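Heads up, there are several structures right after this.
Next come two complexes built around chain A: one with chain B, the other with chain C.
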Partner chain A sequence: MEHTDVARTVKEAIIREASFDMNAAELDELSRFGEDIRVDSITFIRIVISVEEELDVETPDDALMQTQFKTVADLIEFFVGVVEEQHT
Partner chain B sequence: MGRIVSPSKVEVPHKWFNILTALNFDIPVNLPPERSSDGVSVQLPIELVRQTVTKKRWVDIPAAVRAAYEKWRPTPLLRAEALEKYLDTPARIYYKNEGVNVSGSHKLNTAIAQAYYYHRAGVRRLVTATGAGQWGTAVAVACAMFGLECGVRMVGTSFHSKPYRRTMMELYGAEVSPSPDPITKAGRQFLANHDPDSGNMALAIAESLEDTTRDGFTRFCIGSGELYSILHQTIIGLEVKGQLSMLGEEADVIIGSLGAGSNFGGIAAPYIADNIENGKKVRCLSVEPSACPKLTRGEYRYDFTDSSGLTPMEKMYTLGHHFATPDIHAGGLRYHATSKLISALYHYGLVEAIAVPQTDVFASGALFLRTEGFLPAPESAHAVHGAVLEAIAARVDGIPRTIVINLSGHGYFDLAAYQSWHDGTMVDINVTDDEIRKSLSQIPDVKCIL
Partner chain C sequence: MNITPLRDAVNGNVKRTEGLVSQWDPGVEVTAAMWRVHGGVAAPALGPQPLVTDNDVREFLSVVNSGIYNGDHEVVAAVRNLGFHLSMAVATGEFADYDGINDRQRQSVTVLDRFLSDETMRSAARVATERIIAAREIDLTPVIRMHDASRYSDSPRLAHIMGNNLEVRIVPSVLALPAPNGKSGFYRSVGDLLRLTLVFGVANQIDLEGNGYVDFPQWWRLGVWHFIGRRYWRSRLDALGLSPSDKQQLFAMIPADYLTKVGIHESVIKTNTTWDDYILDQLIAATKVVGERDVAGIMSATAQEHWFYSLGRFHVNWFLNQLGDQQFDEIDLRLMIQRWHSALPHMIPRKIEFRGPLGACENPLWRARPIRLWFSPSIQKTTRRIIKVWLSSYWGVRPEETKAETFKPSSDGTIDLVFGLWSDHEWVRSTHADVIRLMSNNHIARSLNHADSDTQIVYVIPQESAPSAWRRVCLATSDQALQHVHSHAFHYSDWTAYGEDGKREMGVTSVPWIEQPE
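Showing the complex of A and B:
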């Protein structure tokens, strides 16, 4: 799976769960969680679950718990790693 | 003593029941939190959130959790024949005794599940807040099961009036502190403007959340109100259905006390689903303290779930997150709001609510002890009192009914409270409309936040 596919899936999940009125191309990967994207922990996990379902991967619980996500790009890179590990 | 319905013939369920799949409306989403420069970190195991978003009707209970449940489940369903005779009622009264595990209450059902998932997610320490101490005890027990450290903040009045609850927690290795605590920011802010004895669950939660910043391996867990905690408690309602079915009985009224909603939601959920999907007419009655009347006198609006104003705003029946909860003996019901699920169910007319004064509650608790030989916790005695009122109504109108009480916990750590009732020194606390109005006025306007 290409990096761009993962990126689009992550952005679409954020837009859907955070109820943003925009499309994936308009969401800047440098957008910051907490500042630009105000979501609580539960909504953030709902974003993760949504991406998991789209990408057909499962996020290890302990990996997620120990990671701080500052930007959309951080979440994209996280899933790029998960996809590489689980789809190869 | 009550007659036990053969519990050994009913299996411990293998799955929890997801009531969300039966609802014909959506639970309102939480509002976004305040802006923060800290990014976002995951505070919950992902599996707990999966349980709140799944479209599956049934959620598997993990083998390790079910094995733990089997140590004391299924819990007994007993017929309160002596109580029925005393009340001279045509009603048949059953009670589901959730006070028979080591922690003394139903809270252990979700504490074990949560500790399991947090442990699997690499968490090393759980911190939490407790009112009367039942939740704190349950978390201490569950943490010990899975090798987790445990920190508990206990509402101050209960910390001092129920020292042996603290002993139980400490025997299981928990570190227990009173709330308010001047070492926390939330505690200092509270003490600057309030009497130390007027602390409540909202404040204890705020202080516990501060405890999570100690290191990267500590997380906060909550005992009631969250969708997943109510899901875990459906084990109660599922067992009740099976046990009543063995007797050829069907419930007419299900009764539970109401704090944040998990014991009531847990016993009522399968029945609410039946009402919606199969046209049944089982009444699901919640009983709250008249000193903390969130459903009967609160407003259905967005509010914070703790007193700090830092948690997400949820749409709930609330008295306001700064509501100064009166010092009632049922510490576990001293919460300014109830869960968004129970709130929505009440809003749509799917559950009922009454508010009752504590002297009446303890009178019914003492009556239950004398007739059935079991002392209910002050929280559970609210449900007992609700059943007494229903039984009397049945006598008055001559219409029999089958009543099922969720006896959510035992009261053997609460004898000081019962002594107060017995000695005539217990008083009922009236909350005025002005007090509620003033508290509600302190909730931020949602439009200003978005």
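Showing the complex of A and C:
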């Protein structure tokens, strides 16, 4: 799976779960969680689980706190790593 | 950055000259950053989330000093040794008020103080902090508004002991965890002036409308009252002139079970180590409940009484009854203490029971037992996973999911976390006894009248057969609503409900205000 596919999946999940009125191309990967993207803890988990399902991967249960990810790009990189590990 | 000048304020019938100063401090930011990275603290599960990520905090430390970034600097060990509160006392220059610390802590104070006095370090920290503040356009206006909206001087009895001169110095911090977890405070008497220094973790999410996890103006007034109460009762206790041996003798009468307490919002278990600590704790808690009754009414005060009880102030109710309706300076404190120690032997057999509120579910005193997770049949697999991951990530627990066809309340002291959809009529029926019990309380009957149609509710109640354990139940019309009500409870309530229009209501499940200990 390409980096761009993972990025699009992550961005679409954020937009969907946080109810943003924009499309994936408009969501800047440098947008910061807690600042540009303000979601509560359960919505953040929902975003992660949604990406998990779309990408058919599993993340560790206890590594999913919002404060561990600075930007959208960080979350994308995290899932790129998970995909590489689990799909190869 | 000096936000507000000294000003005159008129609050209700109490006129006072009030000073309010809000100012960033590089030493506080460095200390907060070290604590956050090296202190083993985690972001809160509910409520405002940190504005600055863990990586940002590490980046800040790396810019300021490579040793504190790596954690191999002696000052990091000092901060760990002192903990957040004492470290902040040093950082704000308020340490002089402390006594009773051990030699190791005193050495740590010296190390930290020397480090924080280094002008080169302070300058680097100031620049790095200003960069963060500017990048995030952090505005302190909500902090000032929170103070103004807090109504801390609207309680006549608290205003009476507060006196006419109060100066509040707010030290906001962008790197500390956000309040309510990220907070610390100190007081100092300067002649008639009471000077409060309050460190406040800023998250740009200060809800002033009372719709959030925490009602910040309420939380703030309770914080101000804490120090007003501490100064007042400390002085009254000192005036009694009890000898150290008297106090030791009195302290020995208090059973160990009643000496454990939890720091407010810190989720850290502590132990009262002296008679003064114990009595002051109870008196301060009772004083704050009295203030809350004056300002916000009986329901809000009862929630606070529950909250203090859940934090280990198990006899707060006894002290509340003693305070009664009198002015505090009319109270014969010596007589109250005599009464207390006479009453104590009769109170010892009393079982410690869970009383709520919902915020207590996150409290280590009440969570250190097995947890069982229940989902009604129609709840989607994804929702189950979201809730399990949330519990694992934020509460640090991995409860076993039950496979039972119906919910059956535990009777073995296990905590039940229950999630149900109203459409699963048969399954949810097993919670009806709770709902009826809740509805028997007139204060919430209105909210629950249509509970099976459009209300989302979360409540917590003690287990019938093991009252020191509890069950937290979320009931909703849909998976989405279930997740919402789970994460949007009001901290200081036993139940929170959302109607079809999204309007939130909340309250307590019992009013044991006048209840006398056995």
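By our rule, the second predicted complex is superposed on the first by the 83 of 88 C-alpha atoms of A that agree within 3 Å, B and C clash if a C-alpha of one lies under 4 Å from a C-alpha of the other, contacts with A are read in each partner's own complex, and residues count from 1 in each chain.
Following the convention adopted for this analysis, a contact is a pair of C-beta atoms (placed from the backbone, for glycine too) under 8 Å apart; a residue touches a chain by one contact, two chains touch by 3 or more.
This is a predicted model, so every value here is computed, not measured.
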TODO: Answer with first, second, both or neither: which of chain B and chain C does A:Thr4 touch in the superposed model?
DONE: neither
- [ ] Please indicate which partner A:Thr88 is in contact with in the superposed arrangement: first for chain B, second for chain C, both, or neither.
- [x] neither
Open item on the list: Between chain B and chain C, whom does A:Asp61 touch in the aligned arrangement: first, second, both, or neither?
Closed with: both
- [ ] Once the structures are superposed on A, label A:Lys70 by its partner contacts, choosing first (chain B), second (chain C), both or neither.
- [x] both
Open item on the list: Tell me the contact category for A:Phe33 with respect to chain B and chain C: first, second, both or neither.
Closed with: both
Open item on the list: After the superposition on A, what does A:Ile42 contact: first (chain B), second (chain C), both or neither?
Closed with: both
Task: chain B/chain C common contact set on chain A - done: 32-35, 38, 40-42, 45-46, 48-49, 61-62, 64-70, 74
TODO: Please give the residue numbers of chain A that touch chain B in the complex, ascending.
DONE: 18-19, 32-35, 38-46, 48-49, 59, 61-62, 64-71, 74
Open item on the list: Residue numbers of chain A touching chain C in their complex, please.
Closed with: 32-35, 38, 40-42, 45-46, 48-50, 53, 61-70, 74
Open item on the list: Residue numbers of chain C touching chain A in their complex, please.
Closed with: 42-43, 45-46, 49-56, 136, 203, 205, 382, 385-386, 388-390, 392-394, 396, 398, 483-484, 486-488
TODO: In the complex, go through chain B and note every residue touching chain A.
DONE: 29-30, 32-47, 49-50, 52-53, 117, 120-123, 216, 219, 311-312
